[in-house]
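Some structures are shown below for you to check.
Next come two complexes built around chain A: one with chain B, the other with chain C.
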Partner chain A sequence: MSAQTATDGVLVLVILLNLGMLAVSRLATGVRLFALQSLLLALLPLAEGASETGTPGVHAILIAGGTLGLKVVLIPSVLLRIIRTGEIHREVEPFLGFAASVFAGALLVIGSFALAARLPLPTPPLSKLIVPVALSTLLLGLLTLVSRLKAITQVLGFLVLENGVFIMGLLLLKQTPLLVELGILLDLFVGVFLMAIVVYHIRREFDHMDTHLLDALKES
Partner chain B sequence: MTVFRALAAVPEAALVLALPPLLLGIIVKTKAWFAGRVGPPWLQPYYDLRKLLRKGAVYSRTTTWVFRAGPVVNLAALLTAATLTPIVSSSSLVGFAGDVILVAYLLALGRMFTVLSAMDTGSSFEGMGASREVTFGTMSEPALFLSLIVLAIATKSLQLSEMVGPQLYGAWHAAGPAILLVVGALLIVLLTETCRVPVDDPATHLELTMIHEVMVLDHSGPDFAFITYGAALKFLLLGSILLHVALPHPGWPLWVDAPLRLVELAVLAAVVGVIESSMARLRLNRVPLLLAGATVLAALAAVLILTGSTS
Partner chain C sequence: MTLLLLVAVPLVFGALCLVLPTSPLRMAALVAGAWAHLAVVIRSWPAAEAPANYELVGLDPLGHLFLTLISVLFAATAVYFVGYHRKRLISQRVFQACTLALLSALTALCISQHLGLLWVALESASLAATPLIYFRLGPRALEATWKFLLMNSVGVALALLGIFSVAIATTRHDGVIVLTVADLVRHATRLDPSWLRVGFLLGLVGFGTKMGLAPLHSWKPDAYGEAPPPVAALMAGGVTLGAFAGILRLFQVCSAAGLGAFAGSWLIAFGLLSLATSAVFVVGSVDYRRLLAYTSVEHMGVLVVGVGLGGAGSYAGMLHAMHNMLNKGALFFLAGFLWRLHESNRIRDVRGTLRRSPPAGILLLAALCATCGLPPFGMFFSELGIVLAAAQAGRWWVLGLFVLTLAVVFVGVMTAALPMVFGDPPDAAAVRPEQAPLRPWRRVTMLSAAAVLVALGLGLGACQPPAVREALLRAADSVNRPQAASVAAASVTKVQP
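What follows is the complex of A and B.
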């Protein structure tokens, strides 16, 4: 079990979790799947660092720790708390049916594999799967963002999209300064925090969270 | 070696013919154990079959020859498929390049005749069951074929016994994630095709919820024995394909290979029993999602192995 096979396995699991998030009908399960995905992603910098020198460096450990604390523990617990206390109807209510969105998701995954095959990289990455998985995570996050009705699933879609950015960032692990990555994590946290507040207020003002009804906000 | 192999083929075939009801017995026993009951004896399916075979059959006046042909053709198709599938050893009785397509369509032929004989009775319940069976069959077929395509690419062969044979042992190292996805897809296909719990409940006796069982309500006596035995044989076929993919043996001698496969088959039956005991049946309109999931798993595996992304 080398670092590379472990990375491959983790990345395939990440895609499966993405597709799972499109298929589940309960909000809380979706959030837990996201937490699981982030947990898997937190392991990747360690594997990447370990494959170079044998032991993961400080840089990799800090990024893994930051991801673990923020995306595995803090953000999911905030979201679960909103779902619990916000009296949100706990079903997902998609624009696009579940089976249809899974199929659309599968097409996006295939598309990103086709696209990634045409993208030359200056340095060979740890695993050839990184680029296609990053692209498909981005696209599937986007799909969740646009195909779901509730404000909270849109937060979830945004988070998945960010996970895609994180996977892409693994390619540049050595080149990016730690400060940039921590800055991204902080931005993410503030973003989710604000969205949580907004969601809460939408719910309090309008008694629902259907974003498509926001189009109809007119003073008449 | 070849003489030994030829001699071993006779007891092997006998074993394959005798085995299916025992697997049903293991599943039932596991479920009973989970429910805290003693359960029927291990050999109960054999007693049931003997009882059914000694009975006479009753035919409704609305039925035609199609109804009588159904169980026979189904069993014949499955037995033919069994000669092409490696079950307890790593080689099949007969084999030629491209036989994998024949196996898949023999399974489909068996299903078609079961469905036709169900519709031949003119009963609305059986028509409903037939419609469901065909719907789910249509959805599990892409998953099966995509999985077979992945195996064909991984082993560079179109002969079923080679596709799931010792070559796969090396392919696991080369394309582990893809084959793991195929195993997941094949497990869902197995549960769907053999009418097991997340899709269908073999123990239910409510016409509105049954799928496979409702189609065979009008069959009696030897016909019903053929159907029961056929269902068990189908489980053995698909189960051993699944096992050969999940745990390929690197060409061990027959006396190690065959007993190990038998143990694995028993474990698989117990696992199916555990799945049946620990899960509720899916709501009918959620089943397509499960099957779409299996198709997506297999499609993802195909993409992984086609782009050669895993090394």
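What follows is the complex of A and C.
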């Protein structure tokens, strides 16, 4: 199997996982799906590196390792821990129903493919799917972020959005200095860590993790 | 060496804040850190030649100007903290360490020439600012923190995508183009224009969220209203400048690539929308810190309109950035003072400051006049400069909307705030007994920090030392769209007295 078909397959799976995350109501399942998606994405820099030189370089291995440690192991375990210690395990009454959000998600995927077709890349990439999959992952993350109530799900939406940016970054493995990539990973980690702390405080303050009670601040 | 010192000094003092045993020592470390940083910044003037094409960090005119502004603001705020400080629930060590970490991150942002590094620094700055907003604990601060964290994280993620798009635009060229501003500008004509457009727009949305441009400003009144006022001062005067620097870097690349008109009109659109939004929300405001937050949205709008117009507008934009820092610093310092006196954010609880504390009343009146752009304060000249630039470019719609919204904001701010200055102070019975009287030395420290900034705003408005003027002009030149450079320099001399 060539690197290109492998990449294509992985990217298709990534979209399916995105839609799956929109459909599940159990918070823990959502986190596991995110971990699986990140695992698939961690493999991509290796495929990208291998397609050019035969063996992935140090740069690609470091990025894959960092993603693996951070997004597959560390962040999901922190999120799962919060869910386990909390009382509520399900997303209840989202703004947009589960079926409706999957439908909206499918529309967004179609939209991203249409948009990507109008933005040709200057040089042919490893896989033509990279730009549309990146865009749809980003948009579906945004959809999760705005349509769900639980703070945990909103964090998950942000992480999916970040995964979309990561896929786009695959096009640029050569251009980006390692220092910058590691900085990005570090910032992501600290950001999610802070979010976890705030979620914990929200739960302590309000006895649950709904964000719709966070509406005291507005123009009166 | 200087660059390393600039980033490291606040970090070292921040670490000291974490380990020092007593509160006065930690406070001393905070002040020392901020002032040592200012000293290094002042020693770095005048800047050496522009950074080379491949250097990741360096002092270019724009970054150097912003770095200096941010450093002055932090030095003033550190002094103000000494007077403002009180025991709160969150650890004081963490608070001070985060303040200095924020200074370090903003420094890294101003000196970074590489777009990726700039992003990392900006994200670090917003992460360092998050605990500062949560300083007061409780549900309201929690809500503000959550909104800030989530909106800013999404914003900077979009900005990163924008930077990636710019990077994709470079792949059209066969050779390697490093993502430093200088190298991008040098090869600007070889970039792929459609990806560059995408990159600029995503960057504008992303950095604009961080800067608080409408319609992405909704976290701003919450965060500025709930964070301690000195933190709001740092964010309104410092962090916003950092995000603005990000937009300007992309703008520099776009104008070098011949997309200046495209990028400029988007800047003007976002700017006018911000002005209009703040005009809507300022009128009838009941909370003075949220009112100030909306004037911050307004001033961000003024900044991007100025740069978007180009020509004399770029200079006016840089002038406005400087006066915005001085003015927002002073206003939030005074808001903190009022908050300590009245323990309330509501405008109707604060009455007759002029009689209750004459120096604070005079300073508040002066700072309010400055924020509305009345002469002789500096913002009058910068806003006039933008009006003239719009007239010169023949953009009468922009000019009309700009003046109209400024007038509405003026009326809104003055009707809300004049009773705070004049009016009758609440009778002694209404003053809640549990609040401890503010010690005189605390009052003096807080007010003198505000007074220095107000005086600087007044002084730099009336007459500019040649060094300041030179720095502003060079920064304006670097963000100016190329075709109008000579016109700008000529018309600027007319604006300034």
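Here is the rule we use: the second predicted complex is superposed on the first by the 209 of 220 C-alpha atoms of A that agree within 3 Å, B and C clash if a C-alpha of one lies under 4 Å from a C-alpha of the other, contacts with A are read in each partner's own complex, and residues count from 1 in each chain.
Everything below uses one rule, namely that a contact is a pair of C-beta atoms (placed from the backbone, for glycine too) under 8 Å apart; a residue touches a chain by one contact, two chains touch by 3 or more.
Predicted model only: the values in this text are computed from it and were never measured.
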Chain C versus chain B on the shared chain A, clash or fit after superposition: fit
Which of chain B and chain C A:A106 touches, first, second, both or neither: first
Touching partner for A:G191 - first (chain B), second (chain C), both, neither: second
Which superposed partner A:V165 touches (first chain B, second chain C, both, neither): second
First (chain B), second (chain C), both or neither touched by A:L129: first
First (chain B), second (chain C), both or neither touched by A:V12: first
More chain A residues in contact [chain B versus chain C]: C
Which of chain B and chain C A:A117 touches, first, second, both or neither: first
Degrees between the directions from chain A toward chain B and toward chain C, using C-alpha centres, nearest 10: 150
Closest Cα approach, chain C to chain B, once both complexes are overlaid on chain A (Å): 19
Residue numbers on chain C that touch chain A, as the complex places them: 56, 114, 116-117, 119-120, 123-124, 127, 130-131, 134, 138-140, 142-147, 149-150, 153-154, 157, 160-161, 164-165, 167-172, 176, 179, 192, 194-195, 198, 221-222, 225-226, 281, 285-286, 290
Parts of chain A lying in touch with chain C, wherever the complex brings them together: 119, 121-123, 138, 142, 145, 151, 154, 158, 161-162, 164-165, 168-169, 171-172, 175-177, 179-181, 183-184, 186-187, 190-191, 194-195, 198, 201-202, 205-206, 211, 214-217, 219-220
Residues of chain B that touch chain A when the two form their complex: 176-177, 180-181, 288-289, 292-293, 295-297, 299-300, 303-304, 307-311
Parts of chain A lying in touch with chain B, wherever the complex brings them together: 4-5, 8-9, 12, 15-16, 19, 23, 98-99, 102-103, 105-106, 109-110, 113-114, 117, 127-129, 132
